[in-house]
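Got some structures for you, see below.
What follows is subunit A paired twice: with subunit B in the first complex and subunit C in the second.
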Partner chain A sequence: MAITTPSDIIISSASQLWLPSMAQEPLKTALENANYLMRWHQPPLASVCFTAENALTRSSIYIVPVMPSADALRYSLEHRLVCTNASQSVTVTVDETATYAGAGTSWSNIYSQAVTTSSTAGGLTTHTKSNQPIAATTTALRVTYTAPAAGSRNDHHVLVYPSPSAPSAGIQPSGAVPFDDGLITHGDEAAIHTEWINRCKTTAVAILTDRKQNALSFCQDETNQLHQWNSKGTDFYPLPPGRVWFPNQGPTVTLDLRVLGKVDGGANTDLLRVRQVGVPGAKTVTFNADETIKSGTLEVKLQGSGLMTYADLELAVKRTTGNKTRLMSAMAFWTPGD
Partner chain B sequence: MRPIQPRNFYSDDLTAPITGEPTPPASSALLAEADSWPVAVAVTPYVGTAHIFDGLSASGLFDRYLAAVIAPGAIHARAALSRGWATIVNSTGATNYHEMWSSDGGTTGNDVIHTPWHLMQSLSYLPEFEFQYGAADIADSGDGIVDSPTNNLDRQLELQTGSSPYVEPLFVTQAAGFSLVVTDRVADLENL
Partner chain C sequence: MRASSLSPAALISSYTGTAANPATIDIPLSYLKHMEATLAEEGGGTFWLAHYQPGQVETATQFHEVSAVAEVGGKCRLTIDGTSGGHSLDTTKQSTLTLPPTDYGDVTDYQTSFSHVDDGTTWG
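Right, the complex of A and B next:
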């Protein structure tokens, strides 16, 4: 008996599918492909290009709202940054919290590591930290980069994606059930029963819908925002829109939104806006900028066709007279099927 | 020959079982349906994340390094590039195109993709980049497939084609937004 997890998706040939032998295949391969998904389905939990001023000589702290797996998976993190001087030490720290509450947030450390940056001045530094558990209850990550001792730093990107260990026995909180070949290896002795057939779908769908996919991202420093919406009038001012691709999906999808902003004074009601642009009747959602992570949903009508099916989304911010509004983070997550 | 069958998860009934029969016969249709689900989830491209960021406000911010996780079966991709601008000025120091590469396609010389910015009356005149308060648009990068370019063409990005996901390093200049879409996949999954 073994739970076999292939490291590559195994493709049964058309002839294997349409002229199946009186044996364990192709069902055994299909079920082991479900095990493969539990280990290797890796859509991005977060993919964020940071917005900050040029040539940072201070630490940066970014709050990244997330919707992690119910299975409390391990995730791998890739950070990209550039320092003007060669071989600097930058400490990368990632924390998690179940509830963001500004300065009063209780953070749990995921990891902290001193990274020696590129040996080339101005060269790209890519720091990868593999297989870090993120709790199912986590609602935000805090990513911190310290200042280099000499020169400056630009923060480019962080990528967070699932990298779980191979599945072990038992039903997972997501609903996925790994396959053990104990019975099917004696396929001529045991019935091909309904549960095996259906498990190919139920486990695949459980993994698909449990691992949310990051559809939209925008993130500024927690305390030193480059853009503060403080110099113009009090209408909404949009950022350039972004195009989200939903290959072969539609005609609509519904996104889960997580938005974090705050004001320096005055009312904070409905100052942050997320909407679709470019289609008639597109929907709009507004959020309060109250220094908590606000949640909502946005149904979008998809444009294009086939692999190039998309929606254009826009973030906008307004302020009240004499005050600043600071948008720190805006994230959208897609659950396939929604 | 086993081509990729696109699956629209929105129109599928994700909760219905494949079969409700207590002792179903091992029919080829039933086995094919069972086999199709894990394969479809594995090879469907992940969502193309729209990254919104300020790559316009200072020359030191023009370059942007990032990466994307690529699902199995991909060959090429295109990008959507968001741009923001204000007035038209003689924008010396900036170029009238986005530079872009994928690590798999090469990062230097003719492998660097050039996707045009707005071109004005004189090629030396460009919109003044503006992230926060400007007008904006989105441009899709080129759709031509030229894997051995002899010039800096506006063409599709090259990806590794494999049977498990991987992280593809990417680069783009002078953008306020970036998203990647897999546009070309293997014709026959049996060749993965």
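Right, the complex of A and C next:
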């Protein structure tokens, strides 16, 4: 008896499905494919190209709102940055919190590591930290890079994706249920029951819906927030739209939004906006810039077709007279089926 | 070619007695007719069901002997005369009852008419 996790998903051939004898197969393979999904379904929790000043000679901090798995999975993090000078020491720190509250946030450290950057001046440094648990209750990550001793640093990207260990026994908080083959392989005489048939579907759906997929990201350096949108009157000031691809999805998709912004003073109501553009009747969602992570959903009408199905999304910010508004982060997450 | 129905998998909602030695077990009412038919085939005797917990070590070594079936409180209540296998019921782990393997000594003809591995029927 064992919970077997295949290294590749195994697709039964058509001939294996033509009125096969009532045997362990093809059900056992289908159930082990569910184990495969639990181990190897790895959509990006966050994929963020940072917005920051060029040539930083100081530390930078990014707040990345996230929607991690209910299963408290391990995640791997890949950071990419460039230093003008070769072989610099940059300390990479990642923290998590259940509740972001500005300067009063209580952070828990996930890891901190001094990284020696590329041995080539101006070369790309890729730092990977594997298998770091992120709590199911986490709502934001804080990514910090320290200044190099010499020269400057440009922060490029962070990718966070699930890298769970092989499925362990028991029903997971997400609803996923691993498959142990002890009963089905018993003497070739086990009952073929309805729960096994249903488990193939329910576990696959649980995994697909639990591991949110980052569809849109914008995070700028918390230290100074380069874009303050303080010189464009009090109308919404939009960023260029970003195209989000949803291959073979539609006709609509509903995204989960997490948006974080703050003001220097004055009212903070409805100063942050996320909307779809380029489609008649596209929907709009606004959020308060109150220095807490705001949640919402946005239904988008998909354009294009097949693999080229997409939606164009726009972030925008406005201010009140005499005040500044800072968009710190905006993230959109897609759940298959939504 | 011979067809059969899938074997039932009845999620246990509650029980009386102890987890290791239950006196009664409640499962969804939709299984009442199936359990009554099994009991009728035994002429008022007893029949056995296999226990497992999804996602845990799933074996064919845990059984409950049923001596009576009745509708109680909107559930199908099984009166348990015996338990073997050394297991304990755990509703948080979704303890479930299905049919015994066909090599189990006390499996009934009615129970073997439902799908089992290598029973001569086909998927379809």
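Basically, the second predicted complex is superposed on the first by the 333 of 338 C-alpha atoms of A that agree within 3 Å, B and C clash if a C-alpha of one lies under 4 Å from a C-alpha of the other, contacts with A are read in each partner's own complex, and residues count from 1 in each chain.
The rule is short, and it goes like this: a contact is a pair of C-beta atoms (placed from the backbone, for glycine too) under 8 Å apart; a residue touches a chain by one contact, two chains touch by 3 or more.
These figures come from a predicted structure and were not determined experimentally.
Contacts of A:D180 after superposition on the shared chain: subunit C is touched, whereas subunit B is not.
Of the two partner chains, neither subunit B nor subunit C is touched by A:G102.
When the two structures are aligned on the shared chain, A:T194 is found in touch with subunit B and with subunit C.
Contact with subunit C, but none with subunit B, is seen for A:M1 once the two complexes are overlaid on the shared chain. Within the superposed three-chain model, A:G123 lies out of touch with both subunit B and subunit C [touch as defined at top]. By the touch criterion defined above, A:P26 reaches both subunit B and subunit C.
One of subunit B and subunit C touches more residues of subunit A, and that partner is B.
Touch criterion met: A:G170 reaches subunit C, while subunit B stays clear of it. Residues 17, 19-20, 26, 191-194, 196-197 of subunit A are contacted both by subunit B in one complex and by subunit C in the other.
Every residue of subunit A that touches subunit B in the complex is listed here, in rising order: 7-9, 11-14, 17-20, 26-27, 29-30, 33-34, 36-37, 40-44, 47-55, 78, 80, 82, 124, 126, 154, 156-157, 159, 161, 191-194, 196-198, 200-205, 207-209, 213-218, 226-227, 229, 232, 237-253, 306-308, 310, 312-313, 315, 330, 334, 336-338. Note for the complex: subunit B touches subunit A at residues 1-2, 6-10, 12, 14-15, 17-24, 26, 28, 30-35, 37-55, 57-61, 63-69, 71-72, 78, 80, 82-84, 131-134, 136-138, 140, 162-165, 167, 169, 176-183, 185, 189-190, 192.
Across the complex, subunit A meets subunit C through its residues 1, 17, 19-24, 26, 169-172, 177-184, 186-197, 199.
Contact residues of subunit C toward subunit A in the complex are 1, 4, 6-9, 11, 50, 52, 54-60, 93-94, 96, 98-104, 114-124.
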